[in-house]
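Same chain, two partners: chain A is paired with chain B first, then with chain C.
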Partner chain A sequence: MCGNRFGKKRRPEENAERMSYADFRLETVVETIPNPLRRIVRFAFEWIPIAIVAGLWELASGTAVSSEILPPPSAVFAVSWELLVSGRILPHLQVSLYRIGVGLGLSIVVGVALGVGMARVKPIENFFEVFLALIYPVPKAALVPLAILWLGVGTETAILIVFLACLLPIVLNSYNAAQNVDRNLLWSARMMGMPAWKLPIKVVVPATIPSILTGIRQAIPIAFIALVSAELIASNRGVGFEILRHGQIGNYTSMFAVLVVISGTAFVAVRGYEWLERRVVTWT
Partner chain B sequence: MDVTRTVGLDRNDAIAAAKSIYSLVLLLLLWEFVAQYDMVHSYFLPPLSDVLATFYELTADGTMLEHAYLTFRRAMAGLLLACLLGIVVGVLAARNRIVGWFWDPIIEVGYPVPVIALVPVFMFWFGTGDLPKIMLVAVGCFWPVAINARNATREVDENLVWSARMMGTSDRRLLRRVVVPAAAPGIISGVQIALPIALIVTFVFEMVAGGGGLGHLEIQGVRSFESAQVYASLIAIMIVGFTLDRGLRYLRGRLLAWT
Partner chain C sequence: MNRTQAHRQHPPNAKSTHETMVDGHVTITELEKVYESGDERTTAIEDFSVTVPSGEFLGVVGPSGCGKSTLLYLVAGFLEQTTGTIAVDGDPIDGPGTDRGVVFQDYALFPWRTVMGNVTYGLEEKGVGKEERRATAQRFIDMMDLDGFEDKYPKELSGGMKQRVALARTLAYDPKILLMDEPFGALDQPLRESLQDHLIDIWRDLEKTVIFITHDVEEAVYLSERVLIMTRHPGTKKTTVGIDLDRTQPREELVLSDEYTATKNDVWQSLREETTPGGER
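After this line comes the complex of A and B, so read on.
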């Protein structure tokens, strides 16, 4: 089962090229193809497994399993497309993105301030550390009922949950980075006459930006999980609610279609952020 | 020997401990005060003493333990299933070209799906009992476990593998005795990432679908306007989360004692 990899003698230099699993044998074939086509061929080869899974699913639906229970992917994607084009999902998507945006935005502002403050000022750390330690092991989705008590069913509850869920990764990343700021930077700034109260904004925060961005990247998928949890339990709008509603009225193809839309949005959000990060943070 | 030291109460330690929890004590006192004098409606914030009394009542008559056990069973069964599958797939995807070719794009597509959105789907497929919850926990935890196992296995020092092969280790033994132990720290990190996901999925599923468990107990408190029950269940949830987190860390320390 693992023979094809272990059974062959491998030279060290061969090992260096091994970075991408399938390239090896493929590369010799790809060499013979004109340049613009190469990327397409490699891409297609990499995505064949997805096609296999989708094909099996398409076959199984309607034969092995009722198409009610497992709608075929072709139908699901057709409905997703239709939902997007006809704009029926857009109001819900808009509400959900608004909730994510506000919640994540708040958690970035509060999280960076808290993280940097805790790292640089001992009393602040003493005050907040115990709360963070208490919140840390609680799955934030379990706070939804509490949020319903305070804020009722709707947008505020979802925003609060997204905010709380995203807060910890951002605080932890900025805390660690702010604690490890290169002392030479601080000393140089002091020596050149910068007053102490300007240090956090002028030196510490810029030096921690790469870590803060990492924290935000970790927070984006968490934000989507928190959002959908809150919308499933306590909402009457938004994509999470749409999934539940379609499920309850027995419209399963639409239910899967909304799921595809959410997953696509989450995927685009993560990838888009990574692309933006590479573009914007060019000095690191 | 100093008496205070035997009970672990050095004076400096005590001061440090007091400094680190004084804010919590202040907040709890404020909570009790504000709620006792009805400055906030007791529906939003029942007095702390009421919450603790409810917690004690529910624990004493066994309700809390029963629900906590249901939650614990679902989360752990799902996580265990995910670990078995995820570690096998992850390790093989890194060591075997064909398995890697097949699973890499699937992991790429599957990982970002917010698994929690599958709750209505699984409710519809498997009903509202234990099975759908365990299955969904397994699906949600599979991805982080598999990705971390794959990445950790890819980074195993090839010199270890070559040395073992040179000394005549067979393929299967190589996997079990060399590759998996060398990748163990990364694999366990994956399990640690998966633990909160297991708990989130279990709680949300219990809140949406019912069928017992701490999540159900908590949302029931909201629906019957018994806010003390909501807070009491949250205390239990905190305890469960904390225990599992510490348990996994302890296990990590034990398993990786040789590193």
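After this line comes the complex of A and C, so read on.
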């Protein structure tokens, strides 16, 4: 198992170490199983909690709670599947993913530059530090009405909100790491003839990459949160808008189904990112 | 002793206009380093003068916190002295330069670069072409017994191997002076000894000036032609002890010889006075 569902990647050895402190380790049981089966068993263990909750939910729906307001998961998943297979959700998903891609992409470029700049250039730090501290506690959804005022209802507003929400984890991670770059690495580069002005690009950024990647990983789920909160208010397309639309016409099963699609997409995005990261950045 | 004489054939003050093999002569004059933070002034190094002739292997020992490392980083040009001068071949230094190469205790390899990428780093900065860069790097990789590990990343290497990569990286861009900050301090005894012998061979073959910081008296005596003992806080030169040993004999005989034991004792006594509370200042 690499990573948990919240997208915090753990190295296998770190995992082993953590587990060894637990009183009961499923892993000791799993290790007794022959290899091809082991993968399946691990996969099963990962999904068992979801299965339990879904089972309870299924039982509760229509008995303890009205299925009107709590549609059973069987129905919800069926509609989710139908939305995907029929392609009805795809144009909305496409719009939403585009907004996330652009917003997140911008936040990576700006965030890394800002983080590294703040860490290495005192005036930049002095200028931006206070803004970061002020923006940090503000829920980004609260900025949607203002964004509508500037950019109108639509893609630009969603991109701006995604950008702002993702900017913080990326800035903070790269800022912290760039501040703590091993002094001897900088000195090593200097002694080999590198002029001081080249250090940020040639040493600080590569040394900061592991933290930048962590920042991006943290930003992916945040991007989905920001996207949906923007689309709920300021859009007439996208998955967030779909939730609202189904809710307004009282189609709660579909509303849940869209939610499942969003959650699944975000999950796949984080897992895919982690997979890519492990293959591209092999030196960490 | 005969080694030193061989290296001293060139007049130590001759300024080199071309890249000769034998230069790398360090003169430190009345060096002082004061750290200031707020109102607090801490004198790390005071009234420190020493001349290191070309090709000398100078060991520096001192009690912990005496400013050994500060001294080394001042010579490297990483830190700036408060007063005094440091000159290489007669020219006062101005910041870091490729005439000096540092080997750090914690290796300080670039984790995002392979062994080959680390060793070619200095050559890239020098503007050496790709083919030549790789050929030169390969020579030092082989010299440090690292062939076969060219494409490994530092995280995949053991401590001893990392330090060999660090040494190859520094040697590859051919600094005249090696500044070594307890480079083998984190390694276990057998590994340390093998790297010490390796270093002696390299120093002999490549004719480098070496300033070697260590807290280990045996290491200093075994490696150096001369050992400089520093006083406790603030650090200054207490004395230097010339090491005159017959290096033709293998290590196991050398370390049992009377001269070795006597010299080691002299250095140890002198250092002990600095580390014992109430000892002579």
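Just so it is clear, the second predicted complex is superposed on the first by the 239 of 284 C-alpha atoms of A that agree within 3 Å, B and C clash if a C-alpha of one lies under 4 Å from a C-alpha of the other, contacts with A are read in each partner's own complex, and residues count from 1 in each chain.
Keep in mind that, in the parts below, a contact is a pair of C-beta atoms (placed from the backbone, for glycine too) under 8 Å apart; a residue touches a chain by one contact, two chains touch by 3 or more.
Predicted, not measured: the structure shown is a model, and the values here were computed from it.
J.: Now for A:Ala75: first (chain B), second (chain C), both, or neither, which partner does it touch?
T.: Neither partner.
J.: Touching A:Asp182, do we find chain B (first), chain C (second), both, or neither?
T.: In the superposition, A:Asp182 contacts chain C only.
J.: For A:Met194, is the partner it touches chain B (first), chain C (second), both, or none of the two (neither)?
T.: second
J.: Quick one: classify A:Ala113 as touching chain B (first), chain C (second), both or neither.
T.: Neither: A:Ala113 stays clear of chain B and chain C.
J.: Which partner does A:Asn126 reach: the first (chain B), the second (chain C), both, or neither?
T.: The first partner, chain B, only.
J.: Figure out whether A:Ile50 sits in contact with chain B (first) or chain C (second), or with both, or with neither.
T.: After superposing on A, A:Ile50 lies in contact with chain B but is clear of chain C.
J.: Quick one: is A:Val144 in contact with chain B, with chain C, with both, or with neither? Answer first, second, both or neither.
T.: A:Val144 contacts chain B only, not chain C.
J.: For chain A, which residues belong to both interfaces, chain B and chain C?
T.: The answer is that chain A has no such residue.
J.: Of all residues in chain C, which touch chain A in the complex?
T.: 73, 76-78, 95-98, 100-102, 104, 106, 108-113, 121-122, 125-126, 153-155, 169-170, 173, 175
J.: Show which residues of chain B lie in contact with chain A when the two form their complex.
T.: 19-24, 27, 43-44, 92, 95-98, 100-106, 109, 112-121, 123-125, 158, 161, 165, 171-172, 174-175, 196-197, 199-200, 203-204, 207-208, 214-215, 218-219, 221-222, 227, 230-231, 233-234, 237-238, 241-242, 244-245
J.: Please give the residue numbers of chain A that touch chain B in the complex, ascending.
T.: Per the stated touch rule, the residues are 1-7, 15, 21-22, 24, 46-47, 49-50, 52-53, 69, 126-131, 134, 136-146, 148-150, 221, 224-225, 227-229, 232-233, 239-240, 243-244, 246-248, 252, 255-256, 259, 262-263, 266-267, 270.
J.: Show me the residue ranges of chain A that touch chain C in the complex, using the header's touch definition.
T.: Touching chain C from chain A are residues 182, 184-185, 187-194, 203, 206-207, 209, 282-284.
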